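Look for subunit A in each of the two complexes below; its partner is subunit B in the first and subunit C in the second.
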Partner chain A sequence: MALAKLEQLSKSVVQGPSLATGAVPTKDWMDTPVIFKEGNFAYPAKKEKVEYLDSQEGLSFPNARIWSPDEDDWKLPEDWQETILKGLKERLDKFRSLKIFMDCCVRCGACADKCHFFLGTGDPKNMPVLRAELLRSVYRNDFTLAGKLFGKMAGGREMTVGVLKEWFMYSYQCTECRRCSVFCPYGIDTAEVTMMIRELLHTVGIGINWILEPASNSNRTGNHMGLQPHTFKDNVDFLAEDVENLTGVKINHSFNRKGAEVLFITPSADVFAEPGLYTAMGYLALFEQIGLDYTWSTYASEGGNFGLFTNNELMKKLNAKMYAEAKRLGVKYIIGGECGHMWRVVHQYMDTMNGPADFLEVPRSPITGTVFDNARSTKMIHISEFTADLIRHGKIKLDPSRNKNVRATYHDSCNPARAMGLLDEPRYILDHVVPEWFEMPENTIREQTFCCGSGTGLNTDEIMELRMRAGLPRANAVKHVIDKHDVNMLSCVCAIDRATLSSLMGYWNPGCDVCGVSELVGNALVMDNEKRAMGYDAEGNESELPDGFRTMV
Partner chain B sequence: MDLAEAFRNYEDKIVEQWVDYTLSSYKSSTFFKKGPDKFSNPVGGNTREALGRLFKLLTKNADPKEFVEPLDQIMRIRSIQEFSASEAVAPIHAVKHITREILAKDSERKQFIADLYDFEFAVDMAVLAAFDLYMQCREQLYKVRVKEIKTGTVILTDSKCPSNLLNKDKGDPVQIQV
Partner chain C sequence: MKYAFSFLAVLALVLIAWLGSMIPGMQYLFGVAIPYLAILIFLGGFIYRVVQWAKSPVPFSIPTTCGQGKSLDFIKQDKLDCPTKTSEVVARMFLEIFAFRSLFRNTKSELHEGPKITYESSRWLWLAALLFHYSFLVIIIRHMRLFLNPVPQWLHFLDFLDAGAMLQVGAPLLYASDLAILAGVLFLFGRRLVNRNVRYISLANDYFPLFLIFAIASTGILMRYFLRTDIDIVNIKELLVGLVTFHPVINFKIGSIFYIHVFLVSALLIYFPFSKLMHMGGVFMSPTRNMANDSRAKRHINPWNDPSIKPHSYAGYEDEFREFMVDAGIPVEKELPPKKDEE
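Entry: the complex of A and B
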């Protein structure tokens, strides 16, 4: 009797799909269509942004139009199917990796439960193996003998509008974080499969605004926000003034200065948005203290490269700006700030796109003499490498007690961790700048780190629920160290993280702040001739910069 | 032998079935049911932990205020997943029916079904608390969204900031003398 009631309970609640991705699976995945509803898709790119990008030399963004994923008619070009298949053929010929990834998966399932989107949604199409299968099924159907002969029996399926819509749904429920690839015994980089799907979608005019607008802005004015050189300069100047007000040390920075030793490039969010601002103040203080001969650029005023989330041509074009500027200014090498995907582009793609940067010199720290051989080809080093080296050689004085209100943990940002192996440098820095910090559980950090859930241009507010689901595995691990160690600060080395983790904590772990590692460096840095401002802490006691660079004075 | 003993005896079994029922509400629930730990399997791990804690409270006449913490652990997750409000909360009810069913199968203990009033009332209280939490979580989600809109890049790109006003012709780069 009781179980009969239980069954009734199950049936009495509203059945079927609600906000997100579609129906309860009663059919094979291939026969389960996607359903777009407000809240489960990011808004499509504005027509004028697509037109602008399409007008640029070397780029192709056809079919600019006003459309919406929740309408039946996506206003595709007549020959869209041919375009997609031709595009797939071109890419299979051009990228050997794609061909291998299409052929070598044995569907062992090692990746299936490693994706944060799957772990947060329980949607089987978010298993990396199945997400890749969305493309692979079309590949089989049209490009393999078995598929041509046996079709669906051989796992193939025809390219239809339904398949295209499925591609859009699930290639934008992947943040290209590459956690799945860590577990793949064949080393399949499912992120690159997503990248290819997104590229193909762009060939018929399907893209999202949160990616294409920053990308077009970046191409036009040099940064994601589309802000012009004077605004960029003004904001850095404001931050320098803030550092001076707080530390009593005047910051001598410069812009577009020819002959500087180093060009410094960081994500523009560090210059314009909290909490990245404090990280930028950390850079300014550090460079001032060591007397680095460096310049900012208003032309290469963006480290982020949304081309990575779009197509390889746009990625190449945006990446080229950094090196063009380095060449124009005649610097010796580039130091890059705390950015995520910029490092993936630099470390994994730059060399074959725009490199080698042989007009630059192998980075050598002017303070310690350390030669960064790891950057021999790209000539670009990460601020954490640079800072860790300064600490290692005792070239800066740090007082961790200045961060006494901070109980930190460290989030390995996906791209620096998995795409360039930057695992120990930020930890080494933390060891020296905070009194105590705490690691999250082993299977959620370092190579196995969980994504913030909103990378690859998915940090747009219209899909907030989806982002919260995808960020659950990360937030869950943070909660553990909050409960166990009273952690109150989630540090990271990525600007997108700083924005998205702030929202993620706002939902899952209110009270836990987010910061860049360089902010903590700036707070702890003992500067020559400093005269630190007084401020009030949470209890109303007056002391020197109780909240570091965040202190209101 | 009394009801308390019956609860102790069947606690693991009841919680196991309760967890199973709750996780069956996910499309692909096999991994959520089997996944090894809370960190590699956050939905399954938290559901298991929360329902285990909640069951202990429901069976010991605890103050309903104590239900909030374990309920939050589970409702915070279900509130942002693809469930309607009723779907999100429904599994909390299920423990009533699971308990009755399990006791009914035990000839020595089925007499205690008549004594389940307090327990079932506690479950009702938990369900009400779960609805409150569901709403709180939704409100919090929207607050996070509003905060992001208010403090995010929208201010710089879509508002009347001076730089944006200069941005009349989006097709042409602005000529700047450097």
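Entry: the complex of A and C
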């Protein structure tokens, strides 16, 4: 489906009949079935991808088949309803969060207008409370006394194919960004609810390709792009050459090297596509300059974890590569690149799922001697923590004027902000690498940050309009600083953001680019024995290339 | 429609108690048996629900971080919104439970031409919620004087404060908490009707407790100030003290309004454990709020963690790609088998 023209969508968001614009639906939400049509759903997972995942030890992805959401018959297994209810019961017993969140909501509606999907689509079922009610209504009907006695009167409803379809529609219109959970008086986290719904859907063979294909790639080749070891190496080698071409400094990097001090893992998108490439160049330049004894891995070549978007078993399986590889190579600790959901997994799940990492040491910066006590158990630190510490100790020389063309703002990625508390490290770095940068309005940053609109595996092209709608609150806040401060660069610490915000800016705010914070670090970095490639400035005088790494690709 | 149903349900409860209590001999049912049953169901149900929650483990450390976490020593940690120590978690929970801190953050978003989205702070819900819950609490505590003999001094004092007794003349004194709870309930009900988002999501289960609590407060007020026939505080107290000392007697005729009030309270107690009102217990146990953000410093244990889930092995990976790896100069664990010379 072609993406609506900007003027059209701008009008539609504000004037189109939706709950967000004041048109209250006349029908109760329980009586409003979902309708799938090209453009409002992500394509289902390919049969062979589901089969591959299902064949892997410890995973269950049953009912591989060819099907489409816009057809009436979803080719569900005979006993699908029983499977779902059994799965729900099992999860209620495994997750206290699910039980509490099913029982405690008072429908105060504080979350309603906090969701970027609701603000952009106006669809009532995108209010976090109603998204949760989609599951809660079934829970009430089958698992609570009130529901068993009073049924619909008590807000219960039977599990039907219609309900299942609704679950699919709206659990894939949620990016698990947790913004609603900041405002909920009971901390009800829709991310938990969405995760549970998605897990349940997988038990009957409902999943989308944009998640399951990258997930199977990650399992097999080590990264979601499906880059095989030699290709992964080639890509990084090219980037290293580009860094050398700009700085005149030869980059010494290595792959799968045993005995390195540090294993470095970043989302594979950083070595594959713009503008992530520039961020990866930033890492290469920084590590070269400080002489870090580190290695890349082709086996654990993915920081991101598409398992997080499916079920906890796959999340664990994919994540397990990090420690497995660290152990095999005998490194002391791990540094992780800029990525949002990767850091949710590393910060909140990794140690629990795949620890204890007793074969690693508490991370200690070899340059500053700082011991990262906050990561003393997981033994993995964030590149922003590592870099901020270097800057603090004056161990790297930075020339912000090399970023003089950049008028930056900073986007907090959902997961580092609300599932980690990484807010000020990137800001501290920005303070030292650009001449000036500007904050977006306070209700749109830090713990109240707005999602890019395409997280949790939703950055697929067939739902572009949905993505542009969901990204509107973020884009709108960027526009605010563009108008006010001539901002031209949206910086972030997330690989998915680098991909999705680029599309989002291209649509809503053309002219505003997207970069990783480490790109700005690399550009501002003054390296020993450097011999910068020269060009000409606007006046025709010979000068350093004003766009740094961006000139190179 | 949903509120009409809830309204009718509460009206039915009122009628049952009113008519029922006028049937001779039924006073014991409404004044003794049902209240006992209600308390039993409330306590049993509440404990049952909490135990049910507690039975499910918290497999992962999932606090919602609402501020800067503890990391480098020159980065200032937000101890309240991103706690790492137990004392900080307790502080966060205390403000959550007693000051409804998350609700205090509430904003209202609006879409304007452009498009432009604006956000402004919106604290009416927070204010009404505080008013409602605290006046309810004061009223419950105030009622203790009907169950305790002698009445402790501090209860007299609370009563005195609640009535603003220094400002009022004449009797009976008007309680501030009575007005506050009515105002709170009316606001919460009005908001459910007026706020289109909330109206659309509201269920009968949302209106019912509001009507019920409104009816309880109203019958209490009516009994105290207006429908005084056969309302003798001495008799009522004798019954209520009898209830808590397990020697309940009804020696006097007590007005129907009393039985209606008590019956509605009983209904609330019975309804409580099976409804959303359990948020009172749940708020203490919400994992996104009551956990420390220290999951990289301290390993959180998941009791059902499955050690049999292993990564796709490195050996398997190398077996698949060994040739490419050797060609590309990537170190391998096992060298390629020596090539057989062709010819």
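By our rule, the second predicted complex is superposed on the first by the 520 of 553 C-alpha atoms of A that agree within 3 Å, B and C clash if a C-alpha of one lies under 4 Å from a C-alpha of the other, contacts with A are read in each partner's own complex, and residues count from 1 in each chain.
Simple rule for what comes next: contacts are C-beta pairs under 8 Å (C-beta built on N, C-alpha and C of every residue); 3 or more make two chains touch, one makes a residue touch a chain.
Worth saying up front: this structure is predicted, and the values here are computed from it rather than measured.
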- Message: One more residue to check, A:Y428. First (subunit B), second (subunit C), both or neither?
- Response: second
- Message: Touch test for A:G58: subunit B only (first), subunit C only (second), both, or neither?
- Response: second
- Looking at the overlay, what does A:D113 touch: subunit B (first), subunit C (second), both, or neither? both
- Message: Applying the document's definition of touch, where does A:I66 land relative to subunit B and subunit C: first, second, both, or neither?
- Response: neither
- Task: Could you figure out whether subunit B or subunit C reaches more residues of subunit A?
- Result: C
- With the two structures laid over each other on chain A, which partner does A:D123 touch: subunit B (first), subunit C (second), both, or neither? first
- Pick one for A:G187: touches subunit B only (first), subunit C only (second), both, or neither. second
- Query: When the two structures are overlaid on chain A, which partner does A:K94 contact: first (subunit B), second (subunit C), both, or neither?
  - Reply: second
- Touched partner set for A:E213, first subunit B, second subunit C, both or neither: first
- Task: State whether A:A538 touches subunit B only (first), subunit C only (second), both chains, or neither.
- Result: neither
- Note on the structure: Residue overlap on subunit A between the subunit B interface and the subunit C interface 10, 13-14, 19-21, 24-25, 112-113, 119, 124, 127, 220-221, 228-230, 256, 298, 441, 443-444, 472-473, 476
- Message: Taking the touch rule as given, give the residues of subunit C at its contact with subunit A in the complex, in rising order.
- Response: 5, 49, 52-62, 64-72, 74-76, 78, 81-82, 96, 100, 102-103, 105-109, 111-117, 119, 125, 129, 195-206, 274-276, 278-279, 282-283, 285-289, 293-302, 304-306, 308-314, 317-318, 320-321, 324-325, 327-331
- Within their complex, state which residues of subunit B touch subunit A. 21, 26-29, 31-32, 35, 37-43, 46, 76-77, 80-84, 86-87, 90, 93-94, 96-101, 104, 137, 140-141, 143-145, 147-149, 151-153, 156-157, 162-164, 166-167, 170-171, 173-174, 176, 178
- Interfacial residue positions of subunit A with respect to subunit C in the complex: 10, 13-14, 19-22, 24-25, 29, 56-59, 92-101, 103-110, 112-114, 119, 124, 127, 129-130, 133, 144-146, 153-155, 178, 181-189, 192, 219-222, 228-230, 233-234, 255-258, 298-299, 312-313, 316-318, 320-321, 324-325, 328, 346-349, 351-353, 355-356, 370, 372-378, 380, 385, 388-389, 392, 417-425, 428, 441, 443-444, 446-448, 472-473, 476
- In their shared complex, subunit B is touched by residues of subunit A numbered 1-3, 5-6, 9-10, 12-14, 17-21, 24-25, 48-49, 51-52, 55, 112-113, 118-124, 127, 213, 217, 220-221, 224-231, 256, 269, 272-274, 298, 441, 443-444, 461, 464-465, 468-469, 472-473, 476-477, 480, 499, 503, 506-508, 510
